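Quick heads-up: structures coming right below.
You will see subunit A twice below: alongside subunit B first, and alongside subunit C after that.
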Partner chain A sequence: MSAVAAKPAAGSAMNPTAMAVGVVMFLILMGICFFVYPVGIMPLLLIVVGGVLIGFGVHFVPVGGAPAAMGQAPGIATGVAMLAAGGGLAGLFGGAWAAAAGQDPLVVVITGGIGGGLMMAITCMMVNFVYVFGMGIPAASGKVANDPITGDSQAEYKSQGTEGHGLPFVSFVGGVIGGLFAGAGGTLIYLELLEVYKAALPTVMQITAAQALPIAVSAAGMFAVGMFLVNAVLTAYNITGTIEGPHDPKFKRWPRSVVASAVASALCGLVAILIVAI
Partner chain B sequence: MTVKVEVIEGGIPHNKIMIAGIVSTLVCLYLTYLNVLTSTEMFSFFGGFAVIAALIWGSHTIKVLCSYGIGTGVPSAGMIAFGSGVIAMLLATKFGIMAPMVAAVLAAIIGFILGYVSNNILNMKIPAMVQSLTEMAIVGALSLMGFAALMTGKFTFDALTTGQVTVLGMALMTHQQSFIGGCLIAVAFLLGAIAIQHPFNACLGPGWQQDRMLMLTAECGFLSMIVAAVMSFALISTGSAIISLIIAIIGWAYTYKEYMVLSKRDAAAWLDAKPIPEVEGH
Partner chain C sequence: MEHIVFGIGITALTGALATVAGAAEDTESNIGSQGDPNSQVQLAPQMGFLHRIFNKAVAGEPPAYGLWCALGCGLAWAFMAMQFNAVLAIVLGSVLAVFVQGVYATTAYVGRTASLSKFGQPVYVDILKSMTTVTMAHAFIAIFATVAICQLINGALGHPFPLPLLGLVWGIALGAAGSATGNPYYGKERQYQNQKFGAGVPISASGNIVRYAEAGERNSIDNGWFTAKIGGSASGICFGLIVFLELWRTILFEQVAAGWGAIVVGVLMILVFTVVDRYIEVWARKNYGPYTEAKEASS
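Presenting the complex of A and B:
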């Protein structure tokens, strides 16, 4: 197939066959975990929940990409991978800090979510600051006539020839919600892997729990970062680069991303758990 | 989504780079096993060569994939390469001497499934997607293993999680001063992820030349190797670390010089600008 004839066009269409194959793959991966390392089935399920939270959450984040940097499209002027890494890893650090303080798992996950949401709130705030006072452009969405939350009309503020610019209120809120989900998801993955490693590494390596702790923390953190980036990039592929926020028509593509994130997280989580199982 | 904007004209075909990349990476990784056979750590620098060989292959894979205009930016490709690679690499270290082979196979499986997921479930429909993501996962896994071998001299799980610390002349076993326990792997991760995505990001465009991009990759690889060699002072003997460091600096200086020559060759016109002269009497 020649490259030009191929016409890669990621529309909003769903591919039901591939979705079914994805669900089957997910069940097979869970099954492998159940037979190889039965103790790991619950952590793996929660890891998948974490991965799906990341994949779903990234859809809320207003990713502008290069057009946003030139003030021709709304959103934060960078790619999904960078934004998700920033928001999610800030959440992960927050959650890891709470986990090290010996908090309840629920508190740890919520702390992670707040860390990610806070990071995104600061980013959105400063981005708008630069847009308005640095570049001299107002915030206006190109995808909707009125802001769904405040009801402000957008068309008067939108420059001709652009798809909107700046960060309208709904995109700001979307960014914070996305940060909350992604941070909580990343922390959940870290927490579950940490519990698995803390429980299993001392026996596997025949060392004391205190000796195993740095390895458990480091390996769980590294796996969480790896899984986070995989899920974030897959979501980036789903929204083909840019999205304005929850009001963007592209947001409706989220079911594809949920299936994709579930398969990817089950796969990566299984490999991560196998490290103590074999 | 746009159709493929660039085609590879002339230069070395991608399959040749791929085969050369995987063979030389695996050979270099196994050459670090000389450390175990000769009971030294002198051969750790082969890990750095493995990293560079893998990165050269990987940056060309990124060129193949990102020529289709995937719309997410070139850095995302580097991130997914190492994100999926680190997972395969950590499990593969459990397999002792088979680790590099297992890493390649396991990464290929992970990359293939991720490629299927993005091409079919996410409906990307890019012809090169499955193969590219498979290749990039292998590149990520093998580069991280190369960094591990460069910093610790070995690539097995026990060696990567166990270090030695000398207290009052006594050598004590510790797990904190190790590649994984000390989380040096996080630095290796980003050193590789940035080195793999930068060359195509910097060289893309109508004036793209294969030899210039690959030279830049080698330059980025040696630059990462310098940092990794400095970090290896903590884990391997000083003499061996100095060998790695000197090789990295020589390699970096050479590739940087070559890259400048190629850049000047491809530039329409260039001005050898001097620093602003300091005129006295102002």
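Presenting the complex of A and C:
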């Protein structure tokens, strides 16, 4: 089929074969971990959960890219992966601190999520602040007639020749939810890798647990940041450009991204675990 | 008690530094057209509008600042390991990171602009000389403030992450906050100053950026001057609030109810910002009103 003959809606279609291949790859990667380093199977599973949380959460973040910077489309005027990384890493920062304070793992993960959500809440509020008080432009969605949460009508608040601008309330809420998921996912990955390294490094490097701790924290932090970016960029490809938030039709593409994030996280997580297993 | 008072003092200092960093970052990126509005600077010559605007966007602000701040932090950490005074180490680390930023800005401007030669867009050597040093000066302020924040978080507040990793995390967050808040003001309000105030830029006007100033042709220092007033300060407030509130809730409430205290305070703060955002949205709808009648728009 030529590019001209291709259906324009293909971007949102699910490909069952590709999804099945993704699931098989995921199972193979988990199987490798089980045979090579059986202790790492549960951490790897939770790392995959963290990656999936990031991939799913990024779909909520309202990203307008370049058109939003000219008030031509709603959303935050920056890239998908970048914004999600900013929010998620702020969450990871808080989660890592809570982990160092010896808090319960559940508390650590939720703390990371709240950190990401808080960063996104402040950023989204400031975006609307600049649009309204700096540029005199009200928020309006280009994808729905009424805001699904507040019921506010949108069409008459779109200026001529644009697809909308600013952050309608549903996009603000989407941004906060995205930050919560992304922050929690990044923190979960960090926490699991930290536990693996704390347990394995003293034996592997023939050092004491106290000497191994800074190395474990650094390595887990670096891998968590790297895996965060992998999942955020994968999701950016799935979104292809801009998304307004959970009410955007592109949001329905999330199952594809979840499978891709699971496979990518399993592969990255396996490599991260195997550096202390082999 | 002393520990908490000390922590609050450090938190206030980091918040102030973050505000300076955010404002400098946005102004630097606007002078270099590094945010999303670079698309218009790149598009304009293709539409026949030749200009003298600097454009160094070969990476987004978050990864670029992630690199520069991680570099600044890593070098500062190395100098401190060599027994340099911490302040001197931070300054030297930031200076070396800024040289990397200067090389990046130079090659990016030359590369991006040379790619437009088929549309007749010249590479202005005087622009290269005058703009690059201005972006470097602003980048130094942003990187120095961020590296200082990371050192305070690591050294004084005891965060477990090593200094270079903190630089990467907060550099990316700085770029994300600065580009999200500052880009619309530069993109719409400055580049399209010839369009109506209080409305988005019609898609049909894309590429027709303002190229002339009060006297002569507009350059990017004019843009930095203009956007520093609202875009820069708003970006500063945004990043300052993020750093300050994240540290504040951790320092004061992390030990309350086994960590749940910080979580509850974080949720409350998110709710407060949600209410403020909703107030701003409703205020705009009431005071500015719709562009068209509701009936007409829905038909």
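The working rule: the second predicted complex is superposed on the first by the 268 of 278 C-alpha atoms of A that agree within 3 Å, B and C clash if a C-alpha of one lies under 4 Å from a C-alpha of the other, contacts with A are read in each partner's own complex, and residues count from 1 in each chain.
Simple rule for what comes next: a contact is a pair of C-beta atoms (placed from the backbone, for glycine too) under 8 Å apart; a residue touches a chain by one contact, two chains touch by 3 or more.
What you are looking at is a predicted structure, and each value in this text was computed from that prediction instead of being measured.
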Superposition on subunit A - do subunit B and subunit C clash or fit: clash
Subunit A residues touched by each partner, larger count belonging to subunit B or subunit C: C
First, second, both or neither for A:Ala236, with subunit B first and subunit C second: first
Partner chain in contact with A:Ala100 - subunit B first, subunit C second, else both or neither: second
Partner chain(s) touched by A:Met205 [first = subunit B, second = subunit C, both, neither]: first
Which of subunit B and subunit C A:Leu45 touches, first, second, both or neither: neither
Which superposed partner A:Met222 touches (first subunit B, second subunit C, both, neither): both
First, second, both or neither for A:Met82, with subunit B first and subunit C second: both
Touching partner for A:Ser257 - first (subunit B), second (subunit C), both, neither: first
Contacts of A:Lys158 with subunit B and subunit C, given as first, second, both or neither: second
First, second, both or neither for A:Ala272, with subunit B first and subunit C second: first
On subunit A, the residue positions that both subunit B and subunit C contact, one per complex: 65-66, 79, 82, 85, 214, 217-218, 221-222, 225
In the complex, subunit B residues that touch subunit A: 1, 3-4, 7, 67-68, 70-73, 75-77, 79-80, 82-88, 90-91, 94, 106, 110, 113-114, 116-118, 120-127, 157-158, 161, 175-176, 178, 180-183, 185-186, 189
Touch list for subunit A against partner subunit C, complex: 65-72, 76-79, 82-83, 85-87, 89-90, 92-94, 96-101, 103-104, 107-108, 110-111, 114-115, 117-119, 121-139, 145, 150, 152-153, 155-169, 172-173, 176, 214, 217-218, 221-222, 225
Subunit A residues touching subunit B - in the complex, by the definition given at the top: 1, 3-4, 6-11, 13-15, 17-19, 21-22, 25, 65-66, 79-82, 85, 205, 207, 211-212, 214-215, 217-219, 221-223, 225-230, 232-234, 236-238, 240-242, 256-257, 259-260, 263-264, 267-268, 271-272, 274-275, 278
Subunit C to subunit A touching residues, read off their complex: 35-37, 39-40, 60-63, 158-162, 165-166, 168-170, 172-173, 175-177, 179-189, 191-192, 196-206, 230-231, 234-235, 237-238, 241-242, 245-246, 249-250, 254-255, 258-260, 262-263, 266-267, 269-270, 273-274, 276-278, 280-281, 283-285, 288, 290-294, 296-298
